[in-house]
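Labels A, B and C are assigned to the chains in the order they are written; within every chain, residues are numbered from 1.
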Amino acid sequence: MRLIRYLLLLSLAILLNLPGCGTKEFKEITLNEVTHSIFYSPQYVAINKGFFEEEGLKVTLVNGAGADKVMTAVLSGQADIGFSGPEACIYVYNEGKEDYAVVFAQLTKRDGSFLVAREPMPDFKWEDVRGKFIIGGRKGGVPLMTLEYVLKQNNLIPGVDVEVDTSIQFALMGGAFLSGMGDFVTLFEPVASSFEKEGTGYIVASIGESSGEIPYTAYYAKKSYIEKNPDIIQSFTNAIYKAQQWIEKSPDREVAKAIAPSFPDTDLDLLETVVKRYKSQDTWNKTPVMKEEAFNRLQEVMKEAGELMELAPYDKLVDKSFAEKAIDNIK
Amino acid sequence: MYKQESEEQKKYLQKLKARKRLITALRILLLIFIFVFWEAVTRFNWLDPFIFSSPGRMLNTFIRLYNEGSLMTHIFTTLWETVVGFLLGTIFGILIAIILWLSETCSRVLEPYLVVANALPKIALGPVFIVWMGAGPVAIITVAVTVSLIVTVLEVYTGFLETDSEKIRLVQSFGANRKQVLTKVVLPSSFPVMMNALKVNVGMSWVGVIVGEFLVSKAGLGYLIVYGGQVFQLDLVMTSVLILSVLAALMYFGVQLLGKWISEKY
Amino acid sequence: MPAVTVENISKRYHTIDGEIPALDNISFEVSEGEFIGIVGPSGCGKSTLLSIIAGLLKPSSGQVSIFGEKLTGVNPRIGYMLQRDSLFEWRTIYKNVILGLEIQNQVTPDRLEHVEHLLEKYGLINFRNHHPSQLSGGMRQRAALIRTLAVNPDILLLDEAFSALDYQTRLAVNDDIYKIIKKEGKTAIMVTHDISEAICMSERLYVMSKRPGTIKMSVEIKFNQENRTPLSSREAPEFRQYFNKVWKELDVHV
């Protein structure tokens, strides 16, 4: 009797594992992220907590190291979905590409960089950078544009009231600061906090807090891809919304634990500190919907910086239908 | 010399000239064809002009840059960084090769290090240089120099070693000291090798400088390529690449002419 | 006083695999103005011997003296003509022939005048601005000789100096060079593997044994001729006798 039961279970197990007989079929997609940062916690939550898998997606994550490289991967078909600043989509559209990229889900609504100084400045005001030198990031990139936007909002004209260096590649900014260049540098997490930990820098301000809401990082895909694979886009958006909700109601420590597998070299305490900081600044979207006013504010910042001549139409570049459906689907 | 050229000789010379003219004409035609084909293919959208740009778009970009006044700034920035990097890499390369030749101990001790240094992708050290020397033209020139230096040293030193030993023996039989052997035999006989190293260095220096500019720059052709990529103005990228190619070719020919002039003088 | 005194010269080469004896106890003397020939089988060390006399190689034991003075290194009184002319392709003929003067810092007006004189005498004056590649083998050899003579050496060492030439040129050059050397009154030691050449040019001939080389035989060469030249020597009746004598003595492996 026992033997028969055992054999039955064994055959059932084998049957279920045969290809094609599984209850679930996974769609494999390549997701190219602009950089790997705690700033994008909801994404890692979706990966590590299996939300993508629940939606039937097997996601391969690739680090693109730069918005332009992410967009290039998407346009060339190397990546299915790109994750970076939506300004890349605006650039591509304006340059006349026919099969341009369309945004379907937003993840972060504030700038994620922090102003790092050489000494702690507990009573920091933006006025304190007058006459000083900031390593700001490359021209054409949103981190620099937001910084300059914030400076101007605080009556500091870049190049006149404060020196802003725009010559250094994103990945090397921290290194340049370490070598003695500049009084301040803007850095993402976890680099900013690791500098603090090492005592080589001190976080004195949050660019995100100072700038107001701007759609900073979002998911996009080629128009043709979205037209051909609406189900994949919907599943993806659902997973993201699940993660956004989960983060909203989970304590910081839990979030830190959830993203830890994506940051094996960072200790749990540091992860928790950073998550707390981002949460308290209301960095993450609660839903994947990208609002029109937010989108246009981004374009304003870009126009101010001289990188944009014409505003691009929201309804061409953003498709919020998937986000809205996700909200309906997942209650 | 024969005073009177025979008919045959005249015909032979004419044939040579005609052939030369034909080759030059074909070269120009090929260039024109490439540009026309490129323009056509992107006009009809067989190739996406967004990605590949087109001669028409590149011309517009070129004119725009010129009108903005920034064209020359970008060109000169990159050009002087490259020339300095090239000169330093070549001069130090040759000097080090000379030191290695003069001291056998030195060369034997350093041999494995040189081999390793040669195999190492020096460009990977770019970020290190920037942290070390600060962001700026110094770091960029350093990248260009390191890329060309080791290769120059090894090529020139090997050239030195291949000097005809009979000639060395000859000057030794007159009582020449090591320095005289170097100046009277080794250096002149290695001249073709050194010229070759120079030609290779032209390419190397351009690569080093452009890579350096990718990492750190606010002006220059490399900067335009990076910036263009960032804002998806690929015309800017292509135009810069074209200008770069032309400059690199000019530099190469310049070096070639220099070589000819020196060898004629001496 | 003899121009060259070779006393008990031996040479052993040291390698990881062991010691290789090259020369064994060679002694002889050369008087001023004499033309000496040295022949021997391949590998017997004749070139090694000449290098030692030239001061380019140190012997393992023994001593060479030049006009009574012990030889410690390269001596400006000795001129060394190698097998190949080794003219520098990148220099003109003129610049090539003054090479020795440059090295010895003797580029003075008299020396240069002497060079002009030599160029004129030996028919190269019209080629002074040519490059070696534009000259024939024989002319290049003459240029090499002028280069050697420019520094005014008293003793000339000829190390298979004509083997790189084709036979006809060689015969002509033998004649030329012999006349030049005799006219300038130089002492000469010639190493060659061509027995006929050695016989027709030398006044005394040393035959070396196979390795390790020693002197097996010494032959005085006299022809009943006034104003003997290499070409005329070949026609002399005594020539064949000398030839057979030398040939028998040589350790030639068949």
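Here is the rule we go by: a contact is a pair of C-beta atoms (placed from the backbone, for glycine too) under 8 Å apart; a residue touches a chain by one contact, two chains touch by 3 or more.
On a predicted model such as this, the values are computed, not experimentally measured, just so you know.
The count of contacting C-beta pairs peaks for the chain pair A-B.
With respect to subunit B, maximal separation of chain centres occurs for C (centres as means of Cα atoms).
With each centre defined as the average position of its C-alpha atoms, the distance from subunit A to subunit B rounds to 41 Å. Centre to centre, using the average C-alpha position, subunit A and subunit C are separated by 86 Å. Taking each chain's centre as the average of its CA atoms, subunit B and subunit C sit 49 Å apart.
Residue ranges on subunit A touching subunit B, taken from their complex, read 66-68, 71-72, 75, 88, 91-92, 95-98, 138-141, 165-169, 171-172, 175-176, 178-181, 307. Those residues of subunit B that touch subunit C in the complex are listed here as 164, 166-167, 169-176, 180, 184-185, 188-189, 191, 263, 266. Only residues 48-51, 127, 130-136, 214-218, 223, 226-227, 229-234 of subunit B touch subunit A when the two sit together in their complex. The part of subunit C that touches subunit B in the complex is made up of residues 54, 56, 73-76, 80, 82-84, 86, 88, 90-91, 99-100, 102-104, 151.
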